[in-house]
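Each structure below appears as structure tokens.
Shared chain: chain A. Partners: chain B in the first complex, chain C in the second.
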Partner chain A sequence: MKTPDDATVARLQRILDTPELGDGRYELGERIGAGGMGVVHVGLDRRLGREVAIKFVRPGALAASDVARLRREALLLARLEHPGIVPVHDLGELPEGGVFLVMKRVRGRGLDEVVQGGVPLGERLRLFLQLADTIAFAHAAGVLHRDLKPANVMVGTFGEVLAMDWGVARVVAGSDATTEAQPATPGGGPPGTSAGTVIGTPGWMAPEQARGDAISSGVRMDVFGLGRVLGMLLDAPGPAGAAARTPPAPLRSIARRATAEAPGERYPGVPEMAAEVRRFLDGERVLAHHETPAERIRRVLAPHTIAIVLIGAYVLVRALLFAINRR
Partner chain B sequence: MSAFPPTRHSAVVAIRSQDPEERSRGYDAIVAAYWRPAYIHLRHRWAAAPEDARDLVQGFFADAFEKGTLERFEPGRARFRTWLRVCLDGYAGHAREAATALKRGGGWTRLALDFDGAERIAGELQAPGGDPDEAFRREWARSVLEGALADLSSWAAERGHDTAFRMFLTVDVESDGGARPTYEELAQAHGLPVTTVTNHLHRMRREFRRAALERIRALTLDEQEFRDEARALLGEDPA
Partner chain C sequence: MNKVMLGLVLGAVLGLLDGLSAWFTPAVRSMMATIVLGSTVKGLVAGLLIGWFARKVRSVPLGVLFGLVVGFVLAYIIAAMPDANGNHYWFEIILPGTLVGLIVGYATQRYGKAPVPKTA
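After this line comes the complex of A and B, so read on.
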């Protein structure tokens, strides 16, 4: 047998990276994403004749803990029915061991890619609020995401914002903005996420996560992740042709409070953080920001800009007429 | 479902054995997997002439066997593959200083290796200047996949699955894109139902994956290294 050339090596690698799906209901198509543990392919559900996304643990890296994690992700997603969370259609068993997840095929782009194209600040904040509402919903259902970052946020064709990759999410006891989370059950977290294990992505995870504590700060961990995402959105460029502007200080203050080093100094929950962004959009005072008198005047007058300009113009014209008549 | 019996023992463990035969078998497995990546690395990274690269490869493995260089691998600090390349670079550096390629014995016979085949690959690769680590990884992957194909061939021959293996070669190894025959065409050519063709190919792919992972298992020391190297085999090198 002759030594395989580069093209043959690539074909053999593809075989290694693509499992057989068993009963033939699903046909595997091209790969559309890959992470440390899982791979996502576009697929065809032959029975229903629709396109789906199929996620599985890479055959080359198959380990019991990864399989358990993917199975857990499927069960967790099944309990989170929300427009901002990709629905799971099916959970299948691979003949070679392991499982695969069949999900809705989402067409869209990553959040970072979308905003790098130049999006007005108001639109960026609306994208952020959609994400925040999804995460708040998950928290209310007792689920922490624990790996929030732009790469895990997708903007669909219709502008819908989707929180992706719940592979390291954790179910916690209680609901409604649990601030000091406790595992709901011994199996509440993915395998390999016991105390001391670092969960999350460097550069985006909360300081306590980086220290191996991915539980005790509860929802404030995701508040930190959202704070980092908000910071990224504020730094993103505006539309082409528009003058470059420094992000408003109140929004910086929101991101700063959300990403405070100490969990106790962050917002107690996502709804509180989202409310601050909404306050800014509504022209109200952002609680995390200490306004200067000048900022306060600008904020109070901002909604009345047109009226002020019209009144000013009126006064100016009257003054000119008065001056002309005096001559 | 039949598997590849027996599960390969780690060659990295075997080279530390007190049993000379076990140790020698371990070195055989390591040489089989790494001689070609080593040769191509020397040709590109060190710009060694083909003759010099051959002597250096022979000398390196003989020297490693004699001095136990590879056995000093510490899994917590690097992967075995990286360690071997570092040792090779050290050896090549010393050999260059001495302006001679060492040719030692020490109980290690000169190996019969297909250097002409390796030279053809070296010639096809890009000119020196690319990432030497990536080139080494790529050649290591090629070597592992080639070994896995050979294992699959033996496995199929022993069990009378030659037709299935031939189909696997035709569909998955030798043809690409438009030139690939459909399952229906294969079924017609072999006078078999399409479902049998599908089953044959599924089984061969499954056994090929198993063979490749067994090869990786044999070249690593622990679970973490195994998983990292499995990813490296797919073209990703997280290290």
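After this line comes the complex of A and C, so read on.
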């Protein structure tokens, strides 16, 4: 018997990995992404004639907890209506068990990919502030993301910033996660997030998350994630041809405070952290940064550089004329 | 401060200082009062024109260019007037005068408050 070649095996594997979506409303297209739990395909909503993104649990890895987590993600995203969060259109049942999530098809690139192409610092901070505003909105709605990292942030074709992958997000008690976080009803958190379970991505998660405490620090956990993202943005290269510059010390201080080991030493919430970045952009003093007198003078004078140069030119001309007249 | 008022204040102050700096030219010290008065009035006129322009056109480069031209023209007119001995001080008047126009042009665009649009 003839052994099938690699291409044939890959094609068969793709067919096996592609589930039937049931009633035929959605047509599954090529795979556009995969995470630890699910895969995302581009799809077509035949009824409305529009392209969508369809997420489902990786076939073969189907576990009750994963299905519950995907269902939870759908319900959670449905309550988060924000320009920075991909809207959910539908939640469907797979004939062989499990669920699939139909979302808006977003075209764009990952934040890490975007900034590696060389983006000016001001633009990087604008991207960061958009992300921070989205996370602050989620917190106000009582939701913690818990897996903030550049790979989970997408920049759309119009420059919009989208916080993706809310698979391990957690709903906390009350409608506002900005208060001290308490686990909500049993359905509030994804399965497998009981004490001792590590939730998040190594290298990006807060120290308490790495220790298996994925809830007690509340929003400060996401503040940590945002601090790591800010640090990555600061280290990203500037535009091609521009001289390499060390990131401004006040921004480093913001990232340092956000990623403090002890949750209590971090910013109490995302709005406070975003306000610090805005303070920097407005030329105001960043509270987390102890500035030297030289830094203070530079900060105060920086917005008036042209005026200072013009006045300097005037004084220089006057001095030159005076020197010429004295001869 | 609105753009016209800022232009007037800056024009007057810089014009006054410009006039006072004539003291460093010994040959014209006897005419200090006339020079200071003339320079201040020139500054006021320049400030008024530049401030009015800044109110109409919101553009730093155009504001700077307009300031430069106004400063130059007004300084040229002053420089064209000879002193009692018939001497002209072209560079001494035109160069700083043009720079003052340029500074006022930049400042009115950068620091002057734009008028609040009227609502229906």
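Please note the rule applied: the second predicted complex is superposed on the first by the 320 of 327 C-alpha atoms of A that agree within 3 Å, B and C clash if a C-alpha of one lies under 4 Å from a C-alpha of the other, contacts with A are read in each partner's own complex, and residues count from 1 in each chain.
Keep in mind that, in the parts below, a residue touches a chain if its C-beta (ideal position, glycine included) is under 8 Å from a C-beta of that chain, and two chains touch if they have at least 3 such contacts.
Since the structure is predicted, the reported quantities are computational estimates derived from the model, not experimental observations.
In the superposed model, A:Ile311 makes contact with chain C only, not with chain B. In the superposition on chain A, contact of A:Glu96 is made with chain B only, not with chain C. Applying the stated contact rule after C-alpha superposition, one finds that A:Ala302 touches neither chain B nor chain C. Of the two partners chain B and chain C, more residues of chain A are touched by B.
When the two complexes are overlaid on their common chain A, residue A:Asn325 makes contact with chain C while staying clear of chain B.
Of the two partner chains, chain B is the only one that A:Glu20 touches; chain C does not reach it. By the document's definition of touching, neither partner reaches A:Ala78: not chain B, not chain C. No residue of chain A contacts both chain B in one complex and chain C in the other.
Residues 21, 24-26, 91-92, 95-96, 99-100, 102-103, 106-107, 110 of chain C touch chain A in their complex. By the touch criterion given at the top, residues 36, 114, 117, 120-121, 124, 138, 141-142, 145-146, 148-150, 153, 172-174, 176, 202, 205-206, 208-209, 212-213, 223, 227, 230-231, 233-235, 238 of chain B touch chain A in their complex. Contacts from chain A toward chain B in the complex involve residues 1-9, 11-13, 15-20, 36, 58-61, 63, 95-96.
Within the complex, the chain A residues that touch chain C are 306-307, 310-311, 313-314, 317-318, 321-322, 325.
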